[in-house]
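Both of the next two complexes hold chain A, though its partner changes from chain B to chain C.
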Partner chain A sequence: MWVYAKLAAETHLEYRFNSFVDWCLSPLISTAVEMAMWWTMFQAMGVSTLGGFSRESYLSYVTWAVFFARISANWMYEFRMLQEVESGSINSILVRPLRFYEYYLGQFLGYKLMTMVFSLLLPAGLALLMGGTTDFWRLPGAIFLLMIYLVFTYTLTFCIVTLAFRLTKVGSFTVTKNFFVWLASGELFPLDLLSPSMKMLSSYLPFASACYIPVGYLTHRLEFADLLKACWVTVAWTGVLGLFGLFFWRRGLRIYSGTGA
Partner chain B sequence: MCVKGPVAQIIHCKDLERVFVTYKKEEGILNSFKGFFQRQHIEKKALQSLDLQVDSGVIVGLVGANGAGKTTLLKLLSGLIHPTSGLVEVLGFKPFERKPEFLRQMSILLGQKNQLWWDISPLDSFSLLASIYGLDALSSRQRVYQLAEMLACTDQLQIQLRRLSLGERMKMEIIGALLHKPKILFLDEPTIGLDVVAQNTIRHFLEQYVKEERPTILLTSHYMDDISKLSHRLLLMKEGQIKYDGTVDQFMELSVQKQKVICTFRHPITQSKELQWGGLLQAGQDVVEADLPPEQVSEFLSELRSLGTIEQIRVEETDFEEVIRGFLEKDVGLR
Partner chain C sequence: MVTHYWRILVTLMKTSFIAELEFRANIALKIFNDFIWYFVQIAVFEVLYSHTSQISGWNIGKIKVFLGCLFLADTINMIFYHENLEQLSERVRKGDLDLMLAKPVSSQFMLSFYRLHPSYILNFIICFTWLLYSLYQELGSLELFTIFKVLLFVFCSNAIMYSLRFMVASTAIVMGRAENLAQLWYSLFRMSLRPDFVYPPWLRYTLLFVLPLGFIASVPAHVVLGVRSDYWLLGALGLAFVFLAFSSLFWQWIVKRYSSVSS
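Let's look at the complex of A and B:
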């Protein structure tokens, strides 16, 4: 898988300006926008706490939430993988002794690791500057959960991609899924604001592992037991989706027409 | 690298069929709405009851009109698609199972598709391919340079693939396809869209490569020079079936039954005349062309001599391309 991670790194380093925007400018802008939004909300509502948390606590959450949400997002690779099936460029993968799942997982993780290294500087710097509730000793645990989530979200993408063998265009699945993930991951707002029943439901879904759980753990909203539970939930969902993906992949290849060749 | 099963027969197909299911839609937006709820599915048999055996080290030229089933056959043999029914075995493997042992011994080059990585240099692509195929880094690098020298493209190895011309890219694709020394090679239109110089370079390279490494090759091309110069065996396909299976020379003998005779008179003919061989010669005409069986040529020329002084006679043998075209236009079976 290392060779595919290397391929992703080589590819991204070819386009310097695009990578600079992706790694530096884009996180800066999205963090600034989110922080301004929450700051304005507190000002407009004239309150000092929301859902039992202070403004500083929310800003600290937002700083890290933007980072985790960016790293856990995979729409770019999902689009590329769908294109492979739609256009038939997957042919060049199918005729070589490599596995499509592994090939793209390696690239996806390679790209995410590179992005993580650069993008981490911003929230870490802000947390040091602003103080707040960040506990840097908890960062490895939060990153570990994020890595598990990356494998999960990639596996979910793989399942969607396998549907393209039969349905050809499935871009709308991606859009719908992304909207759901946006809400269920805690990127839009902390899941503390959900009703107790919805919050309970979200604890059995893997999406909170993208943002809410690692950020909550990092900023002392959640404890190690919550992190551990999220790890198991995410691993279990990954396993289930992996089986679905394998089933649909085999069925997909049976009907694939080798498009475009 | 090992070959499973008997080496002598590399490809074995029996009653092979592939049916593609698609749907048709009448023109217009109303029919698009109608088709949203109810589709009219149709089946197209791309291959029908196809039997084929290919021995090791043979170069097979596949010829046929668009939609004849050539590319479908290559896709089936390379494992890209599953057969609808029938048996297909390549190197003793069922290609559609895509076992790594099989994929390591074959290669397919699709002339209309990029198979190398668009955003990196060919050298980086070849290094990645070497890892994928489990090749030794040093010897694969030597092989890259050896092939690049044969194709005269060493200077382009370090340039990003997307910045190369079509001909240069095709040379890189060929290196990528041959890097792991495949035992069987499927070439689908390897010279398509290339200028004459690039076509000749690639054709010459393939001739040389085949002499040195003796791989089994299945080649499709719309350029008949590719087929006639490289192939030991010719397969003519029509409507998903093999209509001719033999050598190029045998095919020419079977199908060339006529010669083109072009006669030029010194002066135009003064009177119209119906000729014995069937044509009508118009007054004022000074050139006559006819496609005749060889045994009728002298009779035809005698008749023309009686009409005026002949300044020039040209008898042309029908070339391979024309014979193939004739075959494809007519519904004939030569097998």
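Let's look at the complex of A and C:
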């Protein structure tokens, strides 16, 4: 798997501007916009706190949120994996002595580790400059949860890919999933703003582990117990999805007719 | 010439519809996805307005008009050029652009409208109805001139959005792999998902006069609600034609730097 991770890292370094846009430019623009928006919103609303948190707390949250959300997102590899099944080019992987799941997991994690190293330097710098509520001692815990979430989101991708054996074109599932994650991860707004019942529901789903929980923990909205609970929830969902994925992969291979071969 | 391109567009619409019907479940899911996107945008404001009744004098009713303008502009984007511009980078990388350049029609036209999505017409009808209903709720009546303004703004906002997006996407010609430039576009587009009053003045003016993303939904909502004068409509029309012309010039300039990869 290490070899696949190295392969992904080298491939992405080949197109450096493309990677620079993904790791730095694009999230930096989004962060600047979100920060400007929350700053003005507090002024326009004429309130000092929103959902129990101050403006500084929101600014610290959005400093990190976009970057965490960008690292945890998986649209590029998902489309590539779906293309493999749709076009039939998966055949070249099936005949090799390697597993499809590991082949792409290695590449995905390699790419995400590089993204993490380069991307997180920016919000760290911003947080140091602006002060706010960021606690850097909590960063390892937040990154640990993010790593678990990456395995979860990849497993979810794998489950969607297995559907392509039967339905061929399933790109729309990816879009549906991404919209849901967008809302449920806390990228758009901190989940504290949701109603108590919705917040309770989100705590049993793994999506908050992409952004809200790690960023909330890092910026003192949440405590270690919340982080630990999110770890268990995400691991449990990964296990369940892994079993589903394995089941559908086996069934899918049985009906797969090798389109394009 | 206009008739010639209109005929091509109608033919592309027919062939795209036939191609779409091949995967019917996918059509249903794509339409459903757009509704989820609408739901997400509405949810953001519903959550914010659950903590306050007004933001800068805008209540939730006015926000619904803003969202209606945004959704309407987006449906045209989805029907005509969203997928084509998203695939532009891949076409360049795989050398498919050669085929487009060899055709006896404008390569910019073919690249932008090669594959259409007529199934989103349903979304257009629903969003248009929703916008008119929201306007009626907010204004108390609905004049024919207001509907005309809405339709004219849909054209202007799409001309501006298309031009900006096309220019960002076509840089793939000099960049090689540029999948993430699409992400850059989404980061910029994100600014148009909120009414311009939520931004500080410097960003608000940037969105109006430098990178006119404010014209996608914010300016239309202000004008149809009567917050800003109708002269903004003339400004939007002017900007639309300027940006369309600029995107064409940009394409002619950048396509000279294209080195075929398929031959």
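Please note the rule applied: the second predicted complex is superposed on the first by the 261 of 261 C-alpha atoms of A that agree within 3 Å, B and C clash if a C-alpha of one lies under 4 Å from a C-alpha of the other, contacts with A are read in each partner's own complex, and residues count from 1 in each chain.
Everything below uses one rule, namely that contacts are C-beta pairs under 8 Å (C-beta built on N, C-alpha and C of every residue); 3 or more make two chains touch, one makes a residue touch a chain.
Remember, predicted model here, so these are calculated numbers, not experimental data.
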Task: Contacts of A:7 with chain B and chain C, given as first, second, both or neither - done: first
Task: Partner chain(s) touched by A:88 [first = chain B, second = chain C, both, neither] - done: first
TODO: Go through the superposed model and pick first if A:189 touches only chain B, second if only chain C, both, or neither.
DONE: second
Open item on the list: After the superposition on A, what does A:37 contact: first (chain B), second (chain C), both or neither?
Closed with: second
- [ ] Using the touch criterion from the header, give the chain among chain B and chain C with more contacted residues in chain A.
- [x] C
TODO: Applying the touch criterion given at the start, work out whether A:120 contacts chain B, chain C, both or neither, answering first, second, both or neither.
DONE: neither
Open item on the list: So in the superposed three-chain picture, is A:98 touching just chain B, just chain C, both, or none of them (first/second/both/neither)?
Closed with: first
- [ ] Residue by residue on chain A, keep only those touching chain B in one complex and chain C in the other, then list them.
- [x] 14-15
- [ ] Note which residues of chain A are touching chain C in the complex, please.
- [x] 14-15, 17-19, 21-22, 25-27, 29-30, 33, 36-37, 39-41, 44-45, 47, 50-51, 76, 167-173, 175-176, 179-180, 182-183, 188-189, 193-195
TODO: Show which residues of chain B lie in contact with chain A when the two form their complex.
DONE: 20, 71-72, 75, 78-82, 96, 98, 100, 103-104, 106-108, 110, 112-115, 117, 119-120, 124, 128-129, 131-133, 160, 188
Open item on the list: Residue numbers of chain C touching chain A in their complex, please.
Closed with: 23, 25-26, 29-30, 32-33, 36-37, 40, 43-44, 47-48, 50-52, 55-56, 175-181, 183-184, 186-188, 190-191, 194, 197-200, 203
TODO: Under the touch definition given earlier, write down the residues of chain A that touch chain B in their complex.
DONE: 3, 6-7, 10-11, 14-15, 88-89, 91-92, 94-98, 253-258, 260-261
